[in-house]
Amino acid sequence: MKKFINDPNSVVDESVKGYLAAYTEYVKKLEGVRVLIRKKDPSFNKVAVITGGGSGHKPAFIGYIGEGLCDGAAVGEIFSAPPADWIYKATKELDMGKGVIYLYGNFSGDIMNFRMAKTLAEADGIKVEEVIANDDVASAPKENIKNRRAIAGEVMMWKVGGAAAWSGMNLSQVKEVSEQAVYNTRTMGVGSYPPVIPATGKPGFNLEEDEIEIGVGHHGEPGIRKEKIKSADKITTELMDAILDDLPFKSGDRVSILINGLGATPLQELYIVNRKISEILNNYKIKKVITYVGEYFTSLEMAGFSITLTKLNDSLEKLILAKADAPLFKQFDLT
Amino acid sequence: MKIDAINFTNIIINIAGTIEDNLDYLTELDTEIGDGDHGINMAKGFKRIKEKLSEADILDIGETLILSGKVLLNEIGGAMGPLYGGGLIKAGVALKGKNTIYKNDIYTLFSSLLESVKSLGGARVGDKTMVDTLEPFVVEYRRQSEGNETVDSFREALAKAKEGMESTRDMISKVGRSSRLLERSKGHIDVGAASSYLILESFYNSLKSIMDQQDN
Amino acid sequence: MKKFINDPNSVVDESVKGYLAAYTEYVKKLEGVRVLIRKKDPSFNKVAVITGGGSGHKPAFIGYIGEGLCDGAAVGEIFSAPPADWIYKATKELDMGKGVIYLYGNFSGDIMNFRMAKTLAEADGIKVEEVIANDDVASAPKENIKNRRAIAGEVMMWKVGGAAAWSGMNLSQVKEVSEQAVYNTRTMGVGSYPPVIPATGKPGFNLEEDEIEIGVGHHGEPGIRKEKIKSADKITTELMDAILDDLPFKSGDRVSILINGLGATPLQELYIVNRKISEILNNYKIKKVITYVGEYFTSLEMAGFSITLTKLNDSLEKLILAKADAPLFKQFDLT
Amino acid sequence: MKIDAINFTNIIINIAGTIEDNLDYLTELDTEIGDGDHGINMAKGFKRIKEKLSEADILDIGETLILSGKVLLNEIGGAMGPLYGGGLIKAGVALKGKNTIYKNDIYTLFSSLLESVKSLGGARVGDKTMVDTLEPFVVEYRRQSEGNETVDSFREALAKAKEGMESTRDMISKVGRSSRLLERSKGHIDVGAASSYLILESFYNSLKSIMDQQDN
């Protein structure tokens, strides 16, 4: 795999440097640890929103540090959770006396590191809560929902939790709406070509030239099954069936849609998918309030996409439509 | 037999070498049912440990373990930071102040590591994790070391560790990234179980050559 | 190449449908022709900005229809100019009595179709001007600058021309600043994996597994030379040398930077490139005013990137920093 | 020989078939020094022309040409919309009102097409475009048709068109997309020159079979 990198082992460091150079007005790095934080202070003390995880997912996580979103992120190695110490230092730095909420994804490594950081921060008297995204319908049956991994639906949790904190809600309120975002969000994806970790140079999975992986994870983890490639409409229908059944979403519901490209798949194809989604939602008489299409949570150069639906209530809708201004997520106030 | 602080540092340095040599093997295992990064992270972590140990000049084996654990915990992260890192720190606390260790200290080391991994990660034998390597090792080592020499005890325990590692092949994963694969996680050795085995095997090889030197 | 499509011959139509479904508040389609236009009217009559070209370049062209950018775009087949008739109909529809400016790229097919449309519109008494982007340094020597093709630098022309029209400038003023944007913009790119046109299924070029194409066009056209892949820093330096020499950019200049991913290349790598660009500009004492990093003008699933520098004067700077609100280009007012 | 409106429509339909059959060949040529879409666009355009002609029921050859040209110009776009489309319209205007055409009308057709291409695109012989096929054809057809039969004149002119097309292989492109390649554009036949040749060749094959029918 040809990559535009220097040393395969310093990809994350160099990419963070380039990121900081691009958005000096928005973000800065904490000394000694790979943690990025918001530069512009809000005009009032608010709940601090911290996220983080492995790298290779841009715009996640650092692209979402900004007004109405996250206040900081700890940046792990490719596909590998950041150390507890970094999360702890982010927590110390960002707490404004209103407490801190960790919004992250359901992966063993992330959980252990965020929990250790939480323990350390609590020992310093900082109030910390956490909400863990687990939106991937394909990753465990509903009876075992707590074991589901997070994929692109995590973005909806940040949008909601970030807007909530920015609106002045207190820690337990921010936690409450972030949990609502998680409870009401379902995602499922499909992969066609693998990501390649720079340092290993090995593809993350192997598929035949006519195969796709239904339910793939965004580190290239296997999903539910391999299938022969078929039409975009058929694949979309398959994913939508699983998603709609799971919550379940019902006629009359209002939803937001997030169609996430995993890296190499052209935007054009995501719109072909959206065409079918629209049709399906129309048939079910489900109303879409906002549609996000693009690369929101990638997996290096993996090809494929995921569909995320979030069922909205009034407060989720308002928070999702609120203004956001981070380097890689900009939205004018739509409320 | 006894292991002094310099011996011990060499043991760790040898482990670093073993991990480095097995990078592709670990990558392959983690690609099959995981995300492919285990080898890289372990290699990166142990390389950093090697650097730190060569800079420092520690004669306290407990401190050596704590320093190594902190590298994993504070600089590497991932699942291995807390699991191995936390485990090494726990073992280091237990061995703090010792510049020579003996048969029973080795038990203390690995049982502390195992305990830390289990309490932090919540995995049990049969869940298809490193615990499936470490627990049979610790149990057997304790049994063997009641009557036998260090190296012999270690060898027998290592055999159980290997069985344990291999038993993960037929397991359905219950914990961590691969647990979402259910039936599809079968047929592959767990990468954490494999790296734990490599560490133990390397430890054993070092013990043997230390013993050879001490015999001369 | 596995693609998420239905019929390879209706990729453009279906993708436009999905696009319209996602952004109903922003855009609508003209009856009978594949032309998209802005939905929200400005509060005053302004110069209409029309663009267009072949498909396969999303977010270009339709992603840039919105406030402070373009008013409409004619959407051709993959890599193929839209028919004159469509451009003409867009012109008729969008003219607000202040005249129309065509901002498009220097390709034979586009030129012929836009010029025919211009003739038709002028016959109806509509004032039409055109500015043609030709930013690709690799595509012709400077003596023959008028033969250079347009690549990602076209985005800077839209940003400037769009903001100018939105600010109320008249037709000749909009033309003047759009031309300034073109005169002061230089781009050069590199490709590593080809785009695949859905209907042919054939790769747009062939490179060895260790080769890259320096100066590639964004339809996969060959560039200046093939080279062995080398470090990101070396490639960046090579591109920057060519770009800086060409205008030339000089110590003390202010510039905007656009690092454009061609499709499959991970964002992460673009930031590694930006790290080196920052270093080079620092050495030359060239001041960067704003940095855009992302996918602004793609070539299906091609891998590679381009670097665009625009030398700013006061008016270009102001127009570039102005607010923009299109589905795929959102910028808060930074002036 | 004479060509009636039904013959003429069949000529166009045969051209559509030829283009369709040569889709891969044209794609390949356009991939080498262009963007790979020429075959697809031509095939799409002529397929649409075929549909339109089968819906309509035209007995005016000029109208047939205008309708065909308008499909390319108004529905297909690209470089070919204005060049071939504009050219066909121009030829159609020149032949308007005719429901039978003869040797000289064929000259009018192709010379109008050539003139339109040249005036719109600005290319001259030697620039590595379709003009390198069309101009030698038109010149030779005029020369031949002064003494010879239609089919014979066409055959001789077609030979020159082929030479013209092949001459583009060694040319440096001066116009259009490939002109940026300078020296690197050498060694490849221009795709527009190739499609023009295919159209002429198909036209010739149709003429021959029309003649055969008329002989019987």
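Labels for the chains are A, B, C and D, by order of writing; each one numbers its residues from 1.
Note that contacts are C-beta pairs under 8 Å (C-beta built on N, C-alpha and C of every residue); 3 or more make two chains touch, one makes a residue touch a chain.
This one's a predicted model, so the numbers in the text were calculated from it and none came from an experiment.
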Chain A omitted: connectivity of the other chains: B | C, D
item: Set of chains adjacent to chain A and to chain D; value: C
item: Centre-of-Cα separation between chain D and chain B, whole angstrom; value: 75
item: Inter-chain centre distance, chain A versus chain C - centres from mean C-alpha coordinates, in Å; value: 29
item: Where chain B and chain C are represented by their mean Cα positions, the distance between them in whole Å; value: 54
item: Cα-centroid distance, chain A relative to chain B, in whole angstrom; value: 33
item: Multi-chain contact sites of chain A, meaning residues that touch two or more partners; value: none
item: In the complex with chain A, residue positions of chain B that touch it; value: 23-24, 27-28, 31, 33-37, 39-41, 44, 73-83, 86, 120-121, 175-181, 184
item: Parts of chain C lying in touch with chain A, wherever the complex brings them together; value: 2-6, 11-12, 14-19, 21-23, 55-56, 58-59, 190, 192-193, 209-210, 212, 229, 231-233, 235, 257, 263-278, 291, 293-295, 298, 300-301, 303, 305, 325, 328, 330-332
item: Parts of chain C lying in touch with chain D, wherever the complex brings them together; value: 9, 54, 76-86, 107-109, 112-113, 116, 136, 138-140, 147-149, 197, 199-200, 202-205, 217, 219-222
